[in-house]
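Dumping the structure here so I can ask a few things about it.
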Amino acid sequence: MAKIIFNREIDKNIYYLKIAGNYQGLMGQFYMLRGWTTCHPVLGRPFSIFDLDEQAISFIYRVIGEGTQLLSRLRKDDEIELYGPYGRGFPQAKGKIALVGGGVGLAPLYLAARELRKQRSVEAIHTYLGFQENAILIDLFDKVSHRLAIDIGGYISKMVDVNSYDYVFACGPEEMMKAIVEQKKSERPHIFLSLEKRMGCGIGACLSCTCQTSSGNKLTCKEGPVFPGEEIYFE
Amino acid sequence: MAKIIFNREIDKNIYYLKIAGNYQGLMGQFYMLRGWTTCHPVLGRPFSIFDLDEQAISFIYRVIGEGTQLLSRLRKDDEIELYGPYGRGFPQAKGKIALVGGGVGLAPLYLAARELRKQRSVEAIHTYLGFQENAILIDLFDKVSHRLAIDIGGYISKMVDVNSYDYVFACGPEEMMKAIVEQKKSERPHIFLSLEKRMGCGIGACLSCTCQTSSGNKLTCKEGPVFPGEEIYFE
Amino acid sequence: MNNMLQVQFGNITFQNPVIAASGTFSPDFEQHFDLSRLGGICSKGLTLYPRAGNKGIRIWETASGIMNSVGLENKGVDLFIQQDLPILKKLKDKGVRIIINVSGSTEEEYLRAVELFSKEEVDIIELNISCPNIKGGGMLFGMTSYAARELVRQVRKITSLPLVIKLTPNADNIVKIAQCCEEEGADGLSLVNTFNAMAIDVKKRKPAFNNVYAGLSGPAIKPIALRMVHEVCQKVKIPVIGIGGITNGRDALEFVMAGATCLQVGTANFMNPFSCARIIEDIENFLREEGIESLEEIRGIL
Amino acid sequence: MNNMLQVQFGNITFQNPVIAASGTFSPDFEQHFDLSRLGGICSKGLTLYPRAGNKGIRIWETASGIMNSVGLENKGVDLFIQQDLPILKKLKDKGVRIIINVSGSTEEEYLRAVELFSKEEVDIIELNISCPNIKGGGMLFGMTSYAARELVRQVRKITSLPLVIKLTPNADNIVKIAQCCEEEGADGLSLVNTFNAMAIDVKKRKPAFNNVYAGLSGPAIKPIALRMVHEVCQKVKIPVIGIGGITNGRDALEFVMAGATCLQVGTANFMNPFSCARIIEDIENFLREEGIESLEEIRGIL
């Protein structure tokens, strides 16, 4: 059980949740969150690490169904359970890097930007964020990016010249991620995408999150959620 | 859905819950409370009306199991569902009246005292409250009683001279209520007890709260929870 | 009430498919909503003679479910007809279908009870064949196709009222029993009744219930009940009343898509006394939003 | 680990009765607790040849339960023995019992898979007889006593490893099947596997799962599973592993009082990765508080 520092609605149905504690985790990894003590809902909910330091870990989430609704009711000092860190996050990268987020898909990119900035071999971090109505967390992303581009109501993937980057990390709606991969024309850009799949355990036991990739069935929770863009079959 | 005005821990594991709204109810009646939106726990929890006016209704409850634990986590402005008023409460009374409460069994007696005081035919209201460790709500009861007796750690039933009253209303542990009934030596005291039984519906449909009385099977929720003392078979 | 929700159950028209389930409802719910909005009301389980019901606790909570062991406490058919039926008849006059749930411990008891109701203005007899059968050597009428077939055959002979058989999910093979009931002339089926289940008070080292086993109902059982309704609907032509954990409009629509014509709402009435009314509204809203003109369009589409 | 929790399952001693259930656990849980504390680990369902498992979604939440339709995705016996068994053997060396869950779609497949494991250092073969049987005409090995009896007889002939049969709650008559397995020389039984269930996505007007039905597990099913374990324990002498919705020590103790010797914890591992460890602690605390010296004292007391 951990204590909530805040759980703030930062836009309609989008929450910024900060939990006290010295949690581990790398960019692109996730935790299973459980903000209730009852046997229903049965499953924890997976959320990417938005940020963490020695005092706290935080998440950005959108209210979708019952689980996130229950989460959204939590307040300062309420207790919550979280299990992780799970999965394989984004790889180390160098050169010019684009981070592309659609909606709450921005969640794993902030930690990515923060981690990448610490590395010498990284020349530039350009962050592209697309929103439906309102932009959120712009100030935070601005501080950690060399350049920040925002789009509201359009297609953020169109703003990114994928082939001009050494690495592209993307997370968001499937169409967005697909559009990014389809732009790839050269060897240069290494594209990595963070996928969402229904999960039972989060830790590689239940095989409910299997996704088909060009290198066979993979467990999204354990071998992902971040995969090389070219491995993924979009439906 | 109603809004919580406060939900205060007034003693270890005992809460005073106040809910906004113009609710109906008579002394000894109860409501089914549901302080969660999920399908588990399935059943609402029955609680006697502690107090009500045109702005609010309130309850006093002890944390026992999962349902009351969930209730205890609610705070100001949280929402709660309540259904009622249910049951037959205390009857109209006159003359000298004793109100005897053990622990949170005091809950229905406050409204009883308030209602009875309004009646001309009532000569005196003597309230007897027994507690295991700490006395609670003394000030409130003091204001509505002509005399107030408190016992901590002993047997409150021993302090009551049952036969010297015209009416005795009691609510608390079974042994306490039994001891009250056994004291009765004359025709004079009309004894009424508020019983607790597991309930499904609270409204007379499921027959899960049937209790055996000297006048046959009775539904605790609909024909009770208040019964004449002499009708009840103690186990 | 909108025509959109009207359904045809054999020869009987329901103003909407939502029926308050046996043992979980009473006219006292009028305190909460206008009961004439219901599609139907099912009486509590009635036996020829009065029964005091079971001793010990009668209800126990489980994960998203409840177990009950009421033991068919009821005043017997005669008193019911005198005291309670008149109240139900008033609802009938307002368009609510009245279903009488009949139980018994012997074939004779069933037959005599059904006979008595056959003279009354009720819409449907629901034969509850999942209560203890003394004659059959402790087995239950609804547990095997053989016993079910025998009983339905006899009851069918003596009543011309629409006859719906309420099946138990504890049966050896619910599909086979359903088919037997159809063959014997049942007008419809309702399923499921409660699941045989157990709870133990580990502190006391005793079963929670005096009878050791008791019936599980509520949201917990919905996925199994839905599968059973779907299975049965594939195999019979008579209409089916879907029952089991229906709590909201979505649940109700699942049962319709699985093939049910009507629905019964039981435990949900305890979760919220407006459940039946809300479910009716939810269904109506869904149909409107999805541009569906009648439940026929989506019934049994899977 | 305290001796108090030690149980004897036939000839096999478990350091405690808590086994991580098939398909719900993996050595990766080491991230959360020391796996050598477990009584046993049950492998995921293995088939002779690799299987890719089912398409479409594989997990769906229900009221206090989950439905799964993984479809026995596994790497096949050979690769499992090469890659995964060595990891399990390390736990075996620390006292954890290793149970291999074997499935198949034909009798031959079962036999060849069991043969391969019979040469390995595993403690128990758990025969999963609730998966589709192509040979039997689409029926399931575990659905009827006849099919179950045949399979157990053949498997019994070819292995001297302790053989536990995992029963399905969807069977016609679980008690009868249990008795048949006992007669054919099974060393134990484990029950229950998941309940056949259905979920419909009403917006899409489609079943949630490609396979239409899927298996229900978790707290929701516990009361029914407990009843089945109790029923079976009344009728067989071989030891039983109780399974179904066990989430905490109280649940576990209910199964012991109903007659189970060991317990498997499945879905609860998803609710909380420490579940198995906590359940072991809870049981130990209960025994201490109640002054019970061993689980024998309370096993099957009801």
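By letter and in written order, the chains are A, B, C and D; residue numbering begins at 1 in each of them.
Methods note: contacts are C-beta pairs under 8 Å (C-beta built on N, C-alpha and C of every residue); 3 or more make two chains touch, one makes a residue touch a chain.
This is a predicted model, so every value here is computed, not measured.
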Relative to chain D, largest Cα-centroid distance belongs to chain B
Between the Cα centroids of chain A and chain B the separation in whole angstrom comes to 52
Distance between the CA centroids of chain B and chain D (whole Å) is 48
Separation of the C-alpha centres, chain B versus chain C, in whole Å, is 35
Within chain B, the set of residues that touch 2 or more other chains is 39-41
Multi-chain contacts in chain C, i.e. residues touching at least two other chains, fall at 63-65, 218-219, 247
Among line, ring, star, complete and other, the chain contact graph is complete
The residues of chain C that touch chain A in their complex are 63-64
Chain B residues touching chain D in their complex are 39-40
Residue set of chain D touching chain C in the complex reads 62-65, 67, 172-173, 195-200, 202, 205-207, 212-213, 216, 218-224, 226-227, 230, 245, 247, 250, 253-254, 257-258, 286, 298, 301-302
Contacts from chain B onto chain C in the complex sit at residues 34, 39-44, 81, 83, 198-210, 217, 222
Interface with chain B, chain C side, in the complex: residues 23-26, 28-29, 31-32, 44, 52-53, 57-61, 63-66, 68, 70, 73, 218-219, 247, 267, 269-273
